[in-house]
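Next up: some structures, all given as structure tokens.
Below are two complexes that have chain A in common, paired first with chain B and then with chain C.
Up next, the complex of A and B:
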């Protein structure tokens, strides 16, 4: 096969990235914490996609999971509890040239930051979001979260939590302008990576809920799903996640689903007995807020001056 | 005081010459008194008169028609020279019904003997109750000594338009142009500018009404005034404080304003949404103030210093995020157009109640810069300065405006655009090897910031205590070091500030200290007392944190020092109040603690700008005590 001269030249400058190029510090998560698996998948994504570390920003809130940016050798913004979305939106609005990622916990996203989450879905800015859902408040030492299943015993609910869990998938799928919803589990690294990758490639607000183990506070919570592979339902499609033969052998509960079908997506998402894993919804045609808002006008000093003088003319006396 | 002298002719009449006059136009909301007032102000300014316009706003969007609490309109103080504040009570009022007028009478806003031009359609109204209440009010006003002129506005306007209710304001404007001897051509031009966006037929219809009013007054009004103008050859603009702030945002080169609607701040964002976006600026209306502030911080972090505009309750919501910006050392400009508090308080009324919460707010030690514009012109330049300071010191700058500045209008010299006002382009150069993201200077505390996109500068900013590498600090000494650096930055800024100018002599019996929108009224009172030989001077602080140098030395030149503010302070006359229990006003508290000087205070929280006359009396009392 012939290669064009331009491509050859470009290849000359192509940088090879290694995993170490994205690794920073030693994660301080507990042994067996699902966050480690998410970190591994994301670092692999950065390497495989050759993301420029200086052009990449990881934004987070507060929580165990929000420590994530510290372990990436990119730019990072470890902010305040619940406010990762608006910070990330500001970054993206000011600098559409940057690749923006958000790491948020179930308390961070679905409780204190819930208003921002709903509106972030609606803004549909181009960023990739990982909801590290361990169904508990990790950092503050075991309090029930909005996604804790009813009856979860915690330090604030010693006799079991009182309310039915909020389902981040169905909530997200109910918001106008939603454009990408997927679910992964930390213990199937292969699909976790595939989903992370698909999310990164989607232009828009890619929301990935990752069911994440917290061996420290809820060591047994996910046992039933880990023990019984049939309680994990692989959602696949030619336009979604494809199953490797190895995976298909272990996880026999599979469903084919077209990610453009939002009604079916909501149905699958409502399933709590089994955990659906895959891309539930993807619509590449939803406009991104930053594109809508950037008029394309050049912010030159001359343009600003002209506009300013014209405004002053209006108020001249 | 006002001097009267007979001169100048308007038509056949002989006009009385005045140094200044305060005119008010009031109606039910939606009847256009606001527009009439604004236009009158602009026409006066075109004539070369000094003006200060103050909006009269009812608390509700649509209060019931003809209600005492429903007055909506504008008050214009027209002077020979530069006018620095709204002044005392009104000299002449145009009222579209007697009820809104009674509201102003009850609020003691009219001068004794004030001239009243009153719409008379109510006298013959088909509803006998209305006709009765009009007749009673008329009697009461005449008895009280007001000079009431009944004007058939509706009747006259109906000759020109089917919808007299909408046209009355321009008819009234015509009457006022005659009374004040304003050039009709200037008025026509002002109308063309005001309705610039509308079709020509709309402009023509309004001009017809204006001319009709003028003609009617010529034939039927037996007095007129002349306020000699002192025109400058400098070009001037006339705007309110919020427009001024918004123009400052545009001229500072900031690209993004993130906000959530709240009175009385919103009009700045309305204006920006209109004017700023034409050249690629963005106004982001966030889902709440927390998001607005976090959005602004994100944009600033990414290299574009951003502004977020709000008022008291919204400022409270932003406090945690402001602490983050201080901790992470991200430049940010926050505008707080103060209103009455606490809670929803008096949303349309003025107060200077947020000074201490701004300086000490957020949590832990969160040092930030706090500035307060004192004039409409200041509003403009303070934004440019704030952006510059925020980016030089990588910190938060809060601009404390207020409801009075926000809606008052005053002409000032047209700003001459300078390219140096604009933010520099985002630094995307590689970071030198070994450079650290928080390499605090041991003397100034300032560190060079690395911005996303800069190769080699990768780090994670964090609201957690962190070291020079932006790593989470586990060592107790590091927290101490970070707090020191962030505090030193304020000292570094402080060393660049100039002492405040003394208004009056450097020595005397009483020094008055103010901040924010009260400047004009304080100085007017001080000037009046000085003319009577009283040894009073004043200073006005533009920086509240850090404070300008030299203040203590200035205070030493006076026997007594006091502040005049519009926030709460306990009155020593109350039974339980003594030195042990008295809560001082905000600025007095700051001055007392910093300079160990016995600074007294007088404050008022009536939601209105303090009147020069009131201040004058307060200062006299203080001098005598």
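Up next, the complex of A and C:
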């Protein structure tokens, strides 16, 4: 049904915010850090979607990237290392009306928090997740992370790391109930924004891996990809990201891919020579855990009192 | 002229039988030949009776008895016992159908149990089959046959279900709002001095070791630490008022209210309009309360903005989509009420788009004309009604005989649930001179004969007539009259098969009031000029007729299924033509033989043929005619749009900026962020060329282009220009 006159009228009166209205404090990230680009894209999303600050919450773990909630003038929860997902799940369960975002690093998500990450994918709760993947522990000053490329010299691997990097995309695409997987890079702001927006609009667990530069500890690591546009592969589709003429001119390596095709998504995700950028997988039909579990019953005063007393009764002797 | 022809033409023109060889049809108890197979409807499996099912969410609201039985048989009539079970259950179905046809009404379960008891009394296998079927009967509801009360009941039943759904939807909204608004007031109270007083703390503590607590100290602590802000007086008053409005509304039954809910079903359009008008201010108040309450519970109500907006809320009535929150009104009337003022009310409903659903039931579609005696004007009212309803934008219309209502059930549900007016113009077939025929058969015959064609107009189905208007339910809608194969035996006991159209004349022939317009021709006098009425009408539609060389006739059967032929008077033929012309205009609306489309098609076809001819000529070798469509010179590919600026000016490729702060750190007067937090050169004169070059070198994505220096006196320019070359 089209919206009623009353609703249209009220929408006209909705508060409009500017991007700066979502900015809180001055980011303490190093100058040149890719996290800044992610912050800009997310603030733009908040402004364009008219997200109300009191209805929006950013949850993070620990790391440079996890400082993100401090810079958003919304609700935020700077959690403990690796535990952003359980906190975010609790928030969503209690307050399904809130827009929930998670900011996590490659150490936070793929190392200490890996177990929570796998189960968060399987729960498929409606939230938007940004994995700030700088392939290093940034905050603790350069230790190898699970996504550091083999041979990465760091404080913990002075002779270079010994293992092949873990690929967060293929790992995610292997978990049951996965519903949205995308990849972006911080240095193509246009697609970064498009992907952030698509992730927000997907109902379910939207997982966006963002390849993020850490000029402080790995200044040269991504140079080959930055300098050669052909090493970025733009993944586009009418149901995915569409390319602007300007972008298509610079990035000639393009592939059309239907986000419903999970097998092809896994194939594209496995590519490490070039960085695929776009929506790899999207399936709107996977049920969300909070919908499956919510009874839908209204929380009347009596119901609250009853539940509360039942809880307290557990402790009375 | 032959004597017989003379007599037949004379009857055709004057209605007077001038020879003993023309008999009246009264005594013979005749009916159209097509009806020969439908003597006893209860022995046939067809759409009726219907079961009006109670609201089982997701299930249909009405089902046919045979459909229900088929569903049960699908489950149980299997294996070696399958045939036996099927036979017994079908016997039960027939029994129930016969009961319903005698006017027995009641719940299906009751009729079923009674029938099963009778049939299985002394027959164990039957009892067993019926018991198995009964165990699989999962639904129940009133059984209604196709009779005069059925349209009233069916429309009322479906309407009531849509109202129940609306009440449920509204109840969910209202309950949520009431809880949330009350919580705001409760929180405010808990925050107030009274709420934090020792007495209140003690009261809310419940039972337990009360002496272990010092409520005075608790109260003091709370008073000091709790937030000081309370609800403003205005907001509190507003919320209390909203709660009263939501709790005392009478549009839906409510657990909070002591007053009785309004009635929405009426027996006249004028009463329905009156009730609608009287309640409109209350409806506006409630609609406004819901809108404000939604804002309040989200904490979005702003007095500065919204007070003024809501002051004038609903001044020009309510938007139909806002109205969709409320129950719709139902008026069920008979066509005879229309001339006495109801037509005016109905017009008002449709032209003002009032949310009132109207059932107009016509019981006699070929009543004698109200205009003057002897003048025939069949289906006059229903045609007027159809024309009027189709002429108004946004009115949902279903016109159909009662016999088709089951097939149209989905449209009926849509019509009753749509926002805005809906008209159901239904022909019941219960009054008239068709004494010996059941209403179902009369309805079906009226549909066949195009006397009461069926159509639906669903304004919500799309933006054009093609998506909104449908004639699909009519038999053979592409023809003037549907044709049927009639098989009979000739004098030599050979079977003869003939195609016959079923026209208005066949329909009128079985109505005793009009028997004087027919005369039976004894078999010995059947002649070639006795043409079937349908082809005579078709012929003079084409204007082929210039002298009477054939007389229209119809085929009828008597109770023994013997074939008779009757000639018809011109007066009836004239009515048939009028009926056909209405049908033809409906066909045009339905896109069948649409005259505009056909003309366009003819024009395009001849244009296509012309051009095909031209191509054929052109392709003959050596007569190469240049095609006018081909461009004289190959068009140049459009030049690629470039946005690059001259390399003398400094610039930033802003859309590619990764917001990394590098340039801003160097000089935040020279570089700044735009609304999307992407950098641009704000003031080229606010810094040095050296800073421009440094920024270009530090920019992670190399999108700063320093251009040529402006100040040629700047120190170290040579070296800077060299460094800048990489970013040109």
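The criterion applied here is as follows: the second predicted complex is superposed on the first by the 290 of 317 C-alpha atoms of A that agree within 3 Å, B and C clash if a C-alpha of one lies under 4 Å from a C-alpha of the other, contacts with A are read in each partner's own complex, and residues count from 1 in each chain.
Note that contacts are C-beta pairs under 8 Å (C-beta built on N, C-alpha and C of every residue); 3 or more make two chains touch, one makes a residue touch a chain.
Owing to the predicted nature of the structure, the values given are computational and were not obtained by experimental measurement.
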Partner chain(s) touched by A:44 [first = chain B, second = chain C, both, neither]: second
First, second, both or neither for A:34, with chain B first and chain C second: second
Which superposed partner A:76 touches (first chain B, second chain C, both, neither): first
Which of chain B and chain C A:221 touches, first, second, both or neither: neither
Touching partner for A:245 - first (chain B), second (chain C), both, neither: second
Partner chain(s) touched by A:18 [first = chain B, second = chain C, both, neither]: second
First (chain B), second (chain C), both or neither touched by A:298: both
Partner chain in contact with A:57 - chain B first, chain C second, else both or neither: first
Residue contacts on chain A - larger count, chain B or chain C: B
Contacts on chain A seen with chain B and repeated with chain C across the two complexes: 54, 298-299, 301
Chain C residues within the chain A interface of the complex: 175-176, 179, 182-183, 186, 287, 291, 295, 299-300, 302, 305-306, 309, 313, 319, 321-322, 324, 640-641, 643, 655-662, 665, 675-678, 698, 700-702
Complex interface listing, chain B residues touching chain A: 42, 45-46, 193, 196, 235-239, 243, 247, 250-251, 253, 255-256, 258, 275, 277-282, 284, 286-288, 290-304, 306, 320-321, 324, 328, 411, 414-415, 417, 419, 422, 452-464, 471-472
Contacting residues of chain A [partner chain C, same complex]: 1-6, 9-10, 13, 18-19, 27, 31-34, 36-37, 39-40, 43-44, 52, 54, 186-190, 213, 215, 226, 245-246, 249, 298-301
Contact footprint of chain B on chain A as seen in their complex: 24-25, 53-55, 57-59, 62, 69-70, 72-80, 83, 85-95, 97-98, 115-116, 118-119, 293-299, 301, 303-309, 311-312, 314-317
